[in-house]
Amino acid sequence: MKTVTVGIIGAGRIGKVHAENIAKFVPEMEIKRVADPYMSPETEAFLRRLRIPCISNDPEDILNDPEIQAVIVCSPTDLHAEYVIRSARAGKDVFCEKPIDYRLERVHEAIDACKKAGVKLQVGFNRRFDHNHRAVYEAVRAGRIGDVNLVKISSRDPAPPTIDYVKVSGGIFYDMMIHDFDMARFLAGSEVTEVFAYGAVLVDPAIGQAGDVDTAVVTLKFANGAMGVIDNSRKAVYGYDQRVEVFGSKGTVMDGNDTPNNAVFYGEDGTVSGTCYKIMWDRYTGAFAAEQKAFADALIHDTPVQVTGEDGLYPILIAAAATKSMREGRPVKISEIE
Amino acid sequence: MKTVTVGIIGAGRIGKVHAENIAKFVPEMEIKRVADPYMSPETEAFLRRLRIPCISNDPEDILNDPEIQAVIVCSPTDLHAEYVIRSARAGKDVFCEKPIDYRLERVHEAIDACKKAGVKLQVGFNRRFDHNHRAVYEAVRAGRIGDVNLVKISSRDPAPPTIDYVKVSGGIFYDMMIHDFDMARFLAGSEVTEVFAYGAVLVDPAIGQAGDVDTAVVTLKFANGAMGVIDNSRKAVYGYDQRVEVFGSKGTVMDGNDTPNNAVFYGEDGTVSGTCYKIMWDRYTGAFAAEQKAFADALIHDTPVQVTGEDGLYPILIAAAATKSMREGRPVKISEIE
Amino acid sequence: MKTVTVGIIGAGRIGKVHAENIAKFVPEMEIKRVADPYMSPETEAFLRRLRIPCISNDPEDILNDPEIQAVIVCSPTDLHAEYVIRSARAGKDVFCEKPIDYRLERVHEAIDACKKAGVKLQVGFNRRFDHNHRAVYEAVRAGRIGDVNLVKISSRDPAPPTIDYVKVSGGIFYDMMIHDFDMARFLAGSEVTEVFAYGAVLVDPAIGQAGDVDTAVVTLKFANGAMGVIDNSRKAVYGYDQRVEVFGSKGTVMDGNDTPNNAVFYGEDGTVSGTCYKIMWDRYTGAFAAEQKAFADALIHDTPVQVTGEDGLYPILIAAAATKSMREGRPVKISEIE
Amino acid sequence: MKTVTVGIIGAGRIGKVHAENIAKFVPEMEIKRVADPYMSPETEAFLRRLRIPCISNDPEDILNDPEIQAVIVCSPTDLHAEYVIRSARAGKDVFCEKPIDYRLERVHEAIDACKKAGVKLQVGFNRRFDHNHRAVYEAVRAGRIGDVNLVKISSRDPAPPTIDYVKVSGGIFYDMMIHDFDMARFLAGSEVTEVFAYGAVLVDPAIGQAGDVDTAVVTLKFANGAMGVIDNSRKAVYGYDQRVEVFGSKGTVMDGNDTPNNAVFYGEDGTVSGTCYKIMWDRYTGAFAAEQKAFADALIHDTPVQVTGEDGLYPILIAAAATKSMREGRPVKISEIE
């Protein structure tokens, strides 16, 4: 089997998830190095158990290692673009966690750097690789529903993030709905041209005081004439709820949530089955592995990546337009943003 | 619209159900008379509201009325055969509630009387007309599952009948599983040749003291080589539970229970939906109307009835074999019975 | 049983549906008269079979009949208000098909006439009485989902109406989504204060040429802070698709579509089950009967009707706001309308 | 983390599955050695990629290695007992693939050897660890359904094994239904005391010519009075179909099949969703890992194993009784077997 040698910059939660998934499920990838300036002994031990040979505090070790063909950027968000650019300049293909950056010019710089260096850039929109969403996508692409008329997405988290996080996250459109903006484009097969956003503080007043909303409904217009609607809530007590539907001229296709098991109990008071997963990593276990497998495939077979730099850019434009729409109380064209 | 004029003998529960269903849903039938020796004023008022013109205490009124083309026999079970025979002799087509009789010779006499008189005889196995079971049946008949290999039937009542009823009912195989024996033949499209029965008293010891079991599992062999299995329980706390499955060389087809509504609640502790119906009449509302409609169709178009006298006979043979099997602890061939 | 005597003005499709449902399922109501200036012989025969004693061409017969306590107005839409007003003046309670009128001043006149006369007025939003939507409503009202955060409604017809109808219907918001505006208020338990509408012509260009859209997504703000979203399409090839979801602080509750049966086939190429109903009357059979039963209950027990004149008014305001929003490309407050 | 060092005897299909699952999902276990007299270069490479240090042709290497605490026996079935016994004598705990042996005396010898040596013995009934079946089991054990009245199991393979395999497998009761016999005991929480078996050749006449049946229905009596029924087919064209239901005095609990995804398509001709898995390893991926994790837990915490030697013995007794029942056409008590 042909393999690619990779390094991972950043060993926080998502860095460890990628490391573990690659080690277990992506035999096409060899992780040679993981580097994180704040590497803890526990993290180092965890990575050792995955048999990763070189663990250090210095990302330069990765950038300078000629054996490493690709870099997986899992740094804090504000360093994503920098490591993408430096990896590209070092001639390495890049997988970058989403978002590339919240500042559009930085996103462009990162994308341009990769283009200029002729390296591949894949962005970490993992949900595209979820088995259920992917099946919906494939049904749409296979023409089963005919022309796309409407894309509907529900996306609700089990609990809000900390207020500290809310303050710096850029807001619900940037840190949460951004996944759905990507999903909407992915499923519609067309670009969003205009958005209208309603937001409200219904979960926790502190979120409002921090300048954000916790519940939002955004309607979308696509270039191909289709429409979309996304609803987000920071708190669904029943768990991580993510469902999509694509309705078209020949039918509709939708998915549901996975549950830990499908046992059903029929009792005197009703029929009871399990809840959704309450932890994101359980919900998208397979998706994280699948996106790395897809990245490995693109590298090994020199084919286009499935989530491009532009795919990383557009959701940020949509998030900017949604934010502007909510603030100004009017629909906003994507073309107003840049 | 061509219509047939009918009379109903017996205005107990099932008689009233048929009267109401025909009045509401079977415009092809006109009920001219209902007769019951024990007609109560409430029942009479109920029948009057259905605009039934002639209500009396004397079944002879029906048998002697030359305008009445068909008789619907809803008398107590031990008079079924008698009224079938007398109706036949009066030249009237007959719909007879199940069972025709528990005594095989009486069943034969009833069937023979109808044959000799050249009148139609339909037996009241209403479940054949249930929309879900019927859809399974039609899928099987359409060849979707290929050759039938296995028929599985679950049939559970919400609560046991009274002990007084248990004492005279002939036992679980005659009064409850008989519906399933009919369903098994209906779905398999083949005759049962042998049965093996296990029974147990798990619901109420009083049922055992009355000489019956309250839980039973019966396996069947069909003439075409297929097998079947039926389970019955006198008490399913979650309601009236009746499901069938037919498995074959090209797939399997199964149905489930109807529920009063399909709303689903997702809460912190799980996902909750409605229970099965807890009242038999709610469960099979449409089936009772549909069997009368089918009877009307057979009369108007002079086509064969969908549930024949033989269809009334065979389940009784199977019930007899199952009873014998359980008592003797061995498989019993249907050919041993007659 | 206490009963009320009613008359039905208009014997078109919906008039006949109400007549049949009342005759079969609402024993508390006696239909004494049905009047329609264009009564056909077939309709008259149909009504005779329902045992309705007085059938005529003149609605005056109903208005002048002192035995008739309530009038069910099933005339063409542009005469609804007139018959409501005249019925009220005649001292009769009124059930009026939706919409009362598309002209707001006429709606007010009708409501005022009923108030002044001290008669009850129920409006025909039948979907409130659908068993599935009702179960969702009851779960919400029972507090199972806590505070309402979001109401989601999908409503899609199997096929568009004729272009002639589209030209005079007032548009998708008035003739189709109006049901969903009512449902949204019903489920949210709060008034809509603002709407934003996107519409598109994706089904048939002729609909666009007639000045309407065939696909629409409308987002709503409610007075209680909750949000809503409704999607409509004139054409869902798989049938009549109507689903609602109400998401709140303690969970979410949703319903699905009924199907003619619940049989499921598992074959080599997948698992196949039935489609939605393709005919509206099949979809809402029970709902039409239930709304008349509720009307009868309100009359007999002198309790408030479940769908008031105001309930008839508000959806028209929302439809007006949605129309304005789509045309002007901005959110529109309901307070802008009147 | 405390870990146990294990060796695996046999590197055929199941040996490799265990090796891979342990390497990926059971950090509590270290596989030091894998030995197989017929180790292929491909298998060796596969095991090397899992970082297993010692790979050889000689099981003695494992038995003689004092660092190895437990042996996982994945040899051909007729050597299972031998390796269990020798491992026990070497003082090592043992995980033995099912069945321990088809010869009862050998099973007893194996169990006795482990008891005498004071080592643990876990048998590889992996389905007990399937997430769905386990949830059913836990609901039963938690008392949710009250007293167990009935256990129902369907178990169907996508395609029959080769005729060569059929000839030596001992028959459908030994090689296929044995899993269900274990599941029945597991779910009922009681011993089987009597069985009655019907079998038929409905899939392939060659299976009959080889002396076996390909379709079977077995009814069971349990010591606690409950009953059970199992159906098996060698060929379900729609995939690997395994469902269980346990019905009791307070309700019923059942599970269904996992599918590769839960996307549902609604089209003009019906509603279509995915099929069951068609490959056994996909169906029970998690179960194989979970049984090794449970074994590791029992070793590390010195707690009883979840599937004992007796659990390995009883299904063989039931299989023997079922075989005898089918041949002799009568119910057979388990007590007749030994």
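Letters A, B, C and D name the chains as they come in the text, with residue numbers starting at 1 for each one.
Just so we're on the same page, contacts are C-beta pairs under 8 Å (C-beta built on N, C-alpha and C of every residue); 3 or more make two chains touch, one makes a residue touch a chain.
Please read these numbers as outputs of a predicted model, since none were measured by experiment.
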Shared touching partners of chain B and chain C are A, D
Of B-D and A-B, the pair joined by more C-beta contact pairs is B-D
Relative to chain A, the most remote chain by C-alpha centroid is chain B
Chain B and chain D have mean C-alpha positions lying a whole-number Å distance apart equal to 42
Per the C-alpha centroid definition, the whole-Å distance linking chain A and chain B comes out as 57
By the touch definition above, chain C meets two or more other chains at residues 236-238, 241, 250-252, 266-268, 274
Chain C contacts chain D in the complex at 236-238, 241, 259, 266-276
As the complex stands, chain A meets chain D at residues 24-25, 27, 49, 51, 131-132, 134-136, 139, 144-145, 250-256, 258, 260-268, 274
Chain C residues touching chain A in their complex are 147, 149-150, 152, 154, 156, 196, 198, 200-203, 215-217, 219, 221, 225-229, 231, 233, 235-238, 241, 247, 249-252, 329-331
